[in-house]
């Protein structure tokens, strides 16, 4: 090949890659622009803070927003402690033997299992097996044995658990062995090493991983389709403690959720075309919510990377 | 903070200076014993040689160890290699002092051949050469070193002159022969001592300036 | 594949051997010129010294460069430091050969003092010592080296004997004095040459066995 | 200079100077540091041991809980799935004999679980899944790898700072949003462009799914290429290669396992994607090779039907079987990808 | 391997390896090594890559056990007490036997916190005490003057050589008796290396030091004793000058004159 | 800086740096350096860390330009042609000026493909030709005997020293005139280092070699000329033996005797 030809190739292919990248960015922008321009019109305080009315063709989406936040919080509470401690145990305490390898591989792979499979498991195990089972034992009909926020959150927690474990493990493993060795050499015990050396170093990695997994969970629809989401629920999943009148979230109640709301409105609502603005409005809120999480993770990462340099 | 490297070099230097001073003393004593016909002093000189020899071995070992352990370069390297040669020279000077002393012992038994005039003069010059070469080494003084090897020809000339003079003595009276021959050998030893001082002075120039002046004639000027 | 390190050591070794063989020749020629009263040969010896001096400087430089550039250790280091000393000795041996030759020139002008018997014998022994010390160096033969310094005392004894004999000659006839003194100095030079061979032999033992035998008396047995 | 001849007190020893520790200097305050430390530790050594023990057990419990749940997924899914084989004849998962319009008995692959005699052929679902996943993988491989190369090799640091998070943001868009946009907008564009019979079809789904997996592929490719040591690039330039030659002949081959893994993982994601395909592919369980026809994927089937099935019935179990199959396929794909990546790590000595 | 001293018995033995063998799984990394480390001396371990140098010194403070599946035979006596005995407190052992690693690895904390890390582990929290310990350690590691005005800045901002001295200070802060150093200069440039070497020569007044290096010149410069390890076996162990000017064994000579392999 | 040769004018100048300055952004990494590299000689560049050694040699084949935002002043003449001229073909320049880097960096391909990489870039695809080139290059880099039976195995399986020789072979395969080496042994153990040094001394029969090292002993061992660089300035440049036994400048002497900084 002549040198001239080689140079033309060089320019051409670099340009090609660049244009692909910009195409993808353009798509992203197009999506955002579309959602914002179509959705921004319906956004106002009453949209955000009112319940839907008129068979969901009017009114706000407050229950969905509330439900999304509730379920995300519940998921965090369920998933993060277990996930992080499991990761710490696996990397720092468990031996690097064959069983350990198998467990690690399984967890890794579970992170890639489709979310609908988790939904399936959620229905089969949490709602039908566990819930119904508890009901049977307690002798109460249909308290646990029906879709509920608790089961939806558990399913989501299970979905993000491998993600949290994997990212935490990665963060822990990125702490150089030599630092651990140094701490041991100063006479530190295992937990002192983890506490004083490994965790501070891995903190940012763990946190970003956690945020990303939360954002993943918050945007998921499939796992909660049958484990707790309600098509329409004019009230909030809140339960007031008698006598003291303190409202608390009722994890055994069903709930509305943003992504599910979009799905329903777009595919199964009575008048799909008429509710388009509401659909876009809801979409905008959902995107804003997840982007906020993602963005914070990204900023976090950049900040920590800069600081650790 | 002084580096351990320099500390070690310092020790070596101190040992060299000590050896040099021992040699200086030995030569001075040998000459003194000759002039003062003091056979006891001469014997002391002979005895002291053992220490000089031991010190030579010690310094040699230090040099080799230093080369092995410290990998000196440039001026440090020149210092070490020159030290090896300088001890060699010093040791020879010590031996020559002993040789002088050994001849003094029989000489001092016999009556004096003649009043010694030239030999003490030659001895003094030689001694200052020794002293100066050592001072030049201690102070890295190339000027002084240069002056040492410039004096060498004086000593050579005196050696010749004394040689001829002593020949005359011998011819005058065969009874003088033994003593004169001893004296001839003593002047020759002094001449050798001056030569060795010259060598040391040359090494000093080499250490400091990295210039080899040996075998070059001594007419080298400052460049 | 031979390492460049070893190649360079090889060159150094070759130069040392060449220098040694030049010295051997110079000594042989000096002795021959004395015996055959050949002042031309003597002059040749005097002239050849310049080359020896040049070679000494060259080898010295090679040694310093090798120390600076290659950081030799163990046997290589001993080889280099010994080389520095060996060239020093060789150079002195060369000078002594020149000194002998210088005395041969006036001697060969005058009638022979006496038939030379002991001096050639002493010269032969010295020459073999020189040759053997060099062979020992070349072949790293400590046995041969040992034999060299064991012969040194013989040479010393002969030196004394010849000295006394020549003294008698001088006493017999003052006309002999000059020539006898020259011969005394020549034997003394030969004795010094033997000493230097001894030094070389000692260095050989040091190179090969890392054992210092200098100043230890020569009664060391194989351990 | 006047030296004393007798005072030559040099050491003839070749032994290093021996000293004992200068303990005077070790003193510190009123006691040695070591004493202080030992004392201090004595005071709380038991507390420390207990703490150590409890924490280890707690972490162990966390680890076990995670492992337990993960094991449960395997077990439960397959347990329910296997039940299907007892309720339905295995051959029926491929197809059943039915009467066609001319009343001929033909062997047909149909998924019609509702009704008297449910038909449980998984074939149309598999076809549907792959009809979406394959085009999606192809499209996103091209774009994703291109983006990855651009990010890792071509973009300047400043541009990268912006483009990489942007692409990651794309990955952060909830799939339901993309599904929604496919359903409302993209489907129309595609229909207008290709004049397809079905407005919602596999191709629309594939495009939607691509948007989800492009960032995955781009990001992993970027990571893989950036893991290629800079020295290799320098070496290549040093031999006179142009930038593209360096990328194509050195960097990409060195990171090829990572790139491959990213594609495989992307394909896994494509097969497992639910919301987009539910909303954009039309959900008709057809046996077809046409990407412009409506299809019903495995995921969509579960999503659409699970809400209304009685527990333990044949359809319930069949859905679990489909789920298990999906699980199995993605699991294998992930495993392969992981193997490839770990092999690359070894290869590049990371 | 017993070393013959010029002046026998002047040195006090601090550590004795007695028939030590070390296995990684089935692989024998250290093969029946017996040797002594003397108090207030620097002992260097040299040998080709992979000969087991690191394993050897890490087996003294049992850091090598952090890797799973290792097995030890023989004894390591520290002040005549076998560190592999059942009743040995690992924490205390590691306090007494400090360690410095190949690459400078300060914790990503402030300089002060790095040095105070060890004492804090042992429960020292008194600010004044800590200040004293930090100053003491930094002075000893010849870093005090360079950092005294920025003790609260991150240790990551220091140069490589300073970081390594900080790591030494960190090890000194728990007042060890022995310092193990695993190629402490191999990641440093010559100037920083020279500094550390000087420091080591100073520190040996107070500590027994074992240093692994595959830079022979370095071993030659700083150590009093040198051991040559090959394939896990201690080939030769002697006074450093003897090893480098006149080794006993042919293979040692070959190694140090570069004629090996 | 002109060097006085022992035998004046015997050497042919291959590369001339003429008032070369090099900027990273505003930072001047090379400051007005003028020097010559002689044909079939090894020229070593020594100096403390960060003094600009790498930058200096990388500016000869303009690899330093891969980093953005750099600026060059002055000339680099290769056979009297300024490589910074507009009409210089970078591809050809880099073929003529080969380079070997600090860590061995073989491509993760087979040994054969590594060596054949360069020739293939230039369109040589004839199998027999390639075979010849590969053998020739491997023989020259003293690796042929060790790898001739496993040319198709991955280069990653080779030891560090072998990998570095493979990298040299790879550079030789495009038949360069000049070889630039940036600390080629700093990642290798002493035995492998000795091998490479031997190789360099062999190669200088055919190539002009410029080598950066911060191991002075190495510079001393293998180079014919040595330049001492400090803060981007060429302090002293002379025949190697002169630099190491008798440097002109005080600061050079301080550096090589370790009394610097």
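Which chain is which? They are A, B, C, D, E and F, in the order written, and residues in each are numbered from 1.
We take it that a residue touches a chain if its C-beta (ideal position, glycine included) is under 8 Å from a C-beta of that chain, and two chains touch if they have at least 3 such contacts.
Source: prediction; values computed, not measured.
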| item | value |
| --- | --- |
| Given chain B and chain D, the chains that contact each of them | E, F |
| Reference chain C; chain at largest CA-centroid distance | A |
| Contact-richer chain pair (by C-beta pairs counted) among A-D and A-F | A-D |
| Angular offset of chain E relative to chain F [C-alpha, multiple of 5 degrees] | 180 |
| Centre-to-centre distance between chain D and chain C (centres being mean Cα positions), rounded to whole Å | 84 |
| Whole-Å separation of chain centres (CA-atom averages), chain A against chain B | 93 |
| Geometric centre distance via CA averages, chain F-chain B, whole Å | 51 |
| Between chain E and chain A, distance of the C-alpha-averaged centres to the nearest whole Å | 49 |
| Set of chain E residues in contact with two or more other chains | 91-92, 95, 118, 122, 174, 194, 216-217, 220, 240-241, 244-245, 258 |
| Residues of chain D whose C-beta touches two or more other chains | 14, 242, 245 |
| Junction residues of chain B - those touching two or more other chains | 3, 5, 54, 61, 64, 68, 71, 73-74, 77-78 |
| Residues of chain D touching chain E in the complex | 13-16, 18-22, 25-26, 28-29, 32-34, 36-38, 40-41, 43-44 |
| In the complex with chain B, residue positions of chain F that touch it | 216-217, 220, 244-247, 253, 256-259 |
| Chain D partner contacts - residues on chain A that touch it in the complex | 6-7, 9-10, 13-14, 16-18, 20-21, 23-25, 27-28, 31, 34-35, 81-86, 88-90, 92-94, 103, 105-121, 123-125, 128-129, 132, 158, 161-162, 165, 189-191, 215, 218-222, 225-226, 259-260, 262-263, 266-267, 276, 279, 283, 286-287, 290-291, 293-295, 298, 302 |
| Chain A residues within the chain E interface of the complex | 95-97, 176, 178-189, 192, 196-197, 200-201, 308-309 |
| Sites on chain E touched by chain A in the complex | 61, 63, 66, 68, 90-95, 98-99, 101-103, 105, 107-109, 117-118, 121-122, 156, 167, 170-171, 174 |
